[in-house]
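One chain, chain A, appears in both complexes that follow, with chain B as partner in the first and chain C in the second.
Take a look at the complex of A and B:
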């Protein structure tokens, strides 16, 4: 039964991956024949300040986007699972960004954030007319915000589903024991959402290792190298500098780190045991 | 549950390796297959692409047995695709390029063929400084096929009048004008810093005016320490001087040339000057026709740098786009392509079409034709620049091999942002292999 899936996976994932591994030990500019250069690419890439900076930025993006997205989507998800007035209308609004492609969102934000013709200039609010994506000190934070704007709806949806699965009887029991809303959230909702949190966090963290389209369109890695994270560095090295060796080294690093992180998350979070959260219910 | 982990890990591997797969088979789409043994071509979309399209249509009509299959691409997509295709032996018969470092790579790898006597008709008519770009070691491997695109200093006359500023003819006057304009609360010079490549125009012109074309030729020849030439250091120092004086405003890092953010600033009077390629002119006409018709849009040659060694008539930009013939194409297709080059490329009809869309082909002796056009003043100015230029420097990012040109764009954007100083710029570029 698994044969077709394994064959697809082999042809489209494992074989190219091995190809990239081999290419990381070769020098190739896209023309002519690749030349074996041993570990030269690895030494060159790992001592390249641009790549080291890209690694630092990737780490910042990973941590910061989790810190930003996880709490926001958790709270939004809990809210969306409730029975408040206007909940449905607001949920539709929160859900909208999920319908836009990353490239469209990036183009729209680039227009909105334009200091000369964007939102700030149109509304006459100087505070909004900052050099958002042209200032190296601001650009990364703007990128993190836009990434969050794009991905929070998806994670909210996960949390909404998670919250709806929690049996109402747990809340009724807590109410009888005199627990308030805040206590209910911390003692029932949060523990019951354990595996939703793990799933969502894994997607966020592994996802932030592959953010590309949005940043590529929004800033192109600039200004300077201020938003040039690893996937972008890989692309620019491969398809702008035609330094396929260096690009392959970065690709291999991304694969290893991505696999390592997701396996580690599975192991240490106890998700692999998947014990029930419903004992006694 | 081990299986569960395996599956999830598998999914993660799949997700993470999408990027790797892309890297491995990027541009994997096969070229539009021409009929067996037939010729094909890839060109760019846009108005000049339409002019090329008309030539192919005319050819196909006259030669039903040797039709060209033509595909059109957007600029950036094309640049990334063509190299992979050429490297994989899947190149179209006619390869569209900017000549320069890419053409030298093609020639060194035997990807393109000597055009032989198919260029004889054009040789007599082409402006020599443009035709030279298609030659490697004296042999023609590429032939100009579209208009010339020199870089011109555009300005909004209404903004200059309001500030009481004259069009600068020297660097000193430009710097002084920037100060005056800044006090009037306009951006003195629009610069699309987000796109980075417009910043090249500044270093190219300043270096040429200060030290002449030999300075960059030394860089191309790979001479040791060529980037530390005093002319380049002076050019980068002047760039810092302009940035520090606020000549480019405070927000040039947000301005994108691909969205015409820089021409928009000049059209709307938010900025006074713009140093850009002649290809932006149709955009001015479309964006603010009143300004163009009333003569409010001015254009001038790049100012002289006091005491500089370069000839003030030298220009920079893209001399033209070029056709080369792929060595991987069949003998038959190569013959068709050469025949096409010798009869259709930049023939009288093509010259008329290019003039009609407001561009100037690199052909000698067409002053009379230009005088009949609607935009005769502007076209004559551009034509004069191109035909009188002792040296037409190809944009540095096209002239250099890809890896060095990316390093140049990287370091240049950091220089404009003030993250590195002129000395660090020269050191970093000299260290680039």
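Take a look at the complex of A and C:
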């Protein structure tokens, strides 16, 4: 009975995963037959300034998007967990970005950020009416903001669920001890959310390695190479320059880093996390 | 499941949460302004886009932009997306439920090992395997067909689906399976009339999660299809942007139309959609 699942997963997931390692040692233009070239791709890719820059940008995006999304999601999650009626209404509205595909959000933001006919022009604020996407110094920050717009709703949902599971008795006890709101937050809410924080952070960090569609549609990696993070570098190398060997090297790096980060954070959080998180779904 | 019973009622708060409240209202603006902008712009006549302020309500609201999008084969792309999503989700559910059943019921070591393989599969970034998937699809002669999207989508959805269904199926009391066997039911019958009904909430969660993933998927269609006949919705948005470029209201009307089906699903089954989105990670 497990055969169909194993066959499909094997052929279309495991074989490609091994294939990407093999292809990273081959030269292939996407049309003919791949030819074995040994470590040539690796040497070429790892000394390519474009790829090195992509690594730097990926690191920046990973750290900066975590620094932006994690506190905002946490704060919103705590806020959404409140039982007040207006917060329930707000929670419904917060959910709306999740209805957008990455492509849809990126296209909407391209229009919204237009310096002449977009939001900035409408509000008459010159500071907002910049060429956000065309300016290499700004484009990366725009990308980070739009990523946040798309993904904060998801993570705040995780935090909302986490906060609602904190036993009320903890807060009652703290109240009796005279702890204020801020103290309650730092001494009860935050420690109790430990596993949610780890789960959410893992998803954010591993997700940073896979942001493709959003950036592809929003900036295409540009202007120049200003937003060309590793997944884009991989796509552009493979399907624009038809250098599949180089694309495969980048893919192997992505897999190794992705697996490494998830395993490290998983160990950090305890192996039983998945099981215990499933309770109560 | 069991933890649901332990849900607790929060005590009423004493002082208002100023920081949380402020963040909440600011974030509301961040969410609402772009959505408002998308809607009003999609209702604006193309000519007025350049003359009216972009946040004002259109002086002459019109559905022309929507008409133009629909006249440009939108329904074909929509149909493609529906086909790919429905076929993928049905197959994902069938094969994952069968595999989970084996993981839970089989006492063989191989079943446990298979589960381990699936667990590892969750951490694979799909994007990273696109080059070999492309090679494979060409070799199979499936390039530029909808099956080129369906087969890899199914494969990459299996790990998380099996994980969720297995965790759920483990909570079914062993006695129920035993009594089915005593009654002479075979494995298939047990799967169909015991496992499936009892895991329905998890099946819905898995279905919703995967439907969203497949529906919104962009990279597979971008790389594995080419012609307009096999174009799916997210890719069509990108293509519209290239074709219409100056007709921003039409581009944004296409965005709105692409969101509507999911909005409808959200209105009909909000709980299921939320649990589906946070599948395996929530709570």
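Heads up, the rule we're going with is that the second predicted complex is superposed on the first by the 256 of 281 C-alpha atoms of A that agree within 3 Å, B and C clash if a C-alpha of one lies under 4 Å from a C-alpha of the other, contacts with A are read in each partner's own complex, and residues count from 1 in each chain.
Simple rule for what comes next: a residue touches a chain if its C-beta (ideal position, glycine included) is under 8 Å from a C-beta of that chain, and two chains touch if they have at least 3 such contacts.
This one's a predicted model, so the numbers in the text were calculated from it and none came from an experiment.
Visitor: Given the touch rule stated above, what does A:50 touch, chain B (first), chain C (second), both, or neither?
Guide: first
Visitor: Which partner chains sit in contact with A:131 here, chain B, chain C, both or neither? Use first/second/both/neither.
Guide: So A:131 only meets chain B here.
Visitor: Could you let me know whether more residues of chain A are touched by chain B or by chain C?
Guide: Tallying touched residues of chain A, the top partner is C.
Visitor: Between chain B (first) and chain C (second), which, if any, makes contact with A:94: first, second, both or neither?
Guide: The second partner, chain C, only.
Visitor: Would you sort A:29 into first (chain B), second (chain C), both or neither based on which partner it touches?
Guide: So A:29 only meets chain B here.
Visitor: Between chain B and chain C, whom does A:165 touch in the aligned arrangement: first, second, both, or neither?
Guide: second
Visitor: Using the touch definition from the top, say if A:224 reaches chain B (first), chain C (second), both or neither.
Guide: Only chain B is touched by A:224; chain C is not.
Visitor: According to the stated criteria, A:234 is in contact with first (chain B), second (chain C), both, or neither; which is it?
Guide: both
Visitor: Residue overlap on chain A between the chain B contact set and the chain C contact set?
Guide: Looking at chain A, the two contact sets intersect at 9, 12-13, 16-17, 19-20, 23, 30, 110-111, 114, 117, 206, 209-210, 212, 231, 234-235, 238-239, 244, 247-248, 251-252, 254-255, 258-259, 262-263, 274.
Visitor: Which of the residues in chain A come into contact with chain C in the complex?
Guide: Touch residues, chain A against chain C: 1-2, 4-6, 8-9, 11-17, 19-20, 23, 28, 30, 34, 72, 75-76, 78-83, 87, 90, 92-104, 107-112, 114, 117-119, 121-123, 149, 152-154, 157-158, 161-162, 164-165, 167-169, 171-172, 175, 180-181, 199-200, 203, 206, 209-210, 212-213, 216-217, 231, 234-235, 238-239, 244, 247-248, 251-252, 254-255, 258-259, 262-263, 274-275, 277-281.
Visitor: In their shared complex, at which residues does chain B touch chain A?
Guide: My answer: residues 1, 4-5, 8-10, 12-21, 23-26, 80, 83-84, 86-87, 105-106, 109, 111, 187, 193-194, 196, 250-256, 259, 261, 264-265, 270, 401-403, 406-407, 410, 413-414, 417, 419.
Visitor: Hey, which residues of chain A end up touching chain B in the complex?
Guide: 9, 12-13, 16-17, 19-20, 23, 29-32, 50, 110-111, 113-117, 131-136, 202, 206, 209-210, 212, 219-220, 222-225, 231, 234-236, 238-244, 247-248, 251-252, 254-255, 258-259, 262-263, 266, 272-274
Visitor: Per the contact definition, I'd like the list of chain C residues that touch chain A in the complex.
Guide: Going through chain C, the ones touching chain A are 1-4, 6-11, 13-15, 17, 19-21, 23-24, 27-28, 30-35, 37-38, 41, 49-50, 53-56, 91, 94-96, 98-99, 101-103, 111, 114, 117-119, 121, 123-136, 151-152, 154-156, 158-159, 162-164, 167-168, 187-188, 191, 202, 205, 215-216, 218-219, 222-223, 233-235, 237-238, 241, 248, 251-252, 254-255, 258-259, 262-263, 266, 270, 274-275, 277-283.
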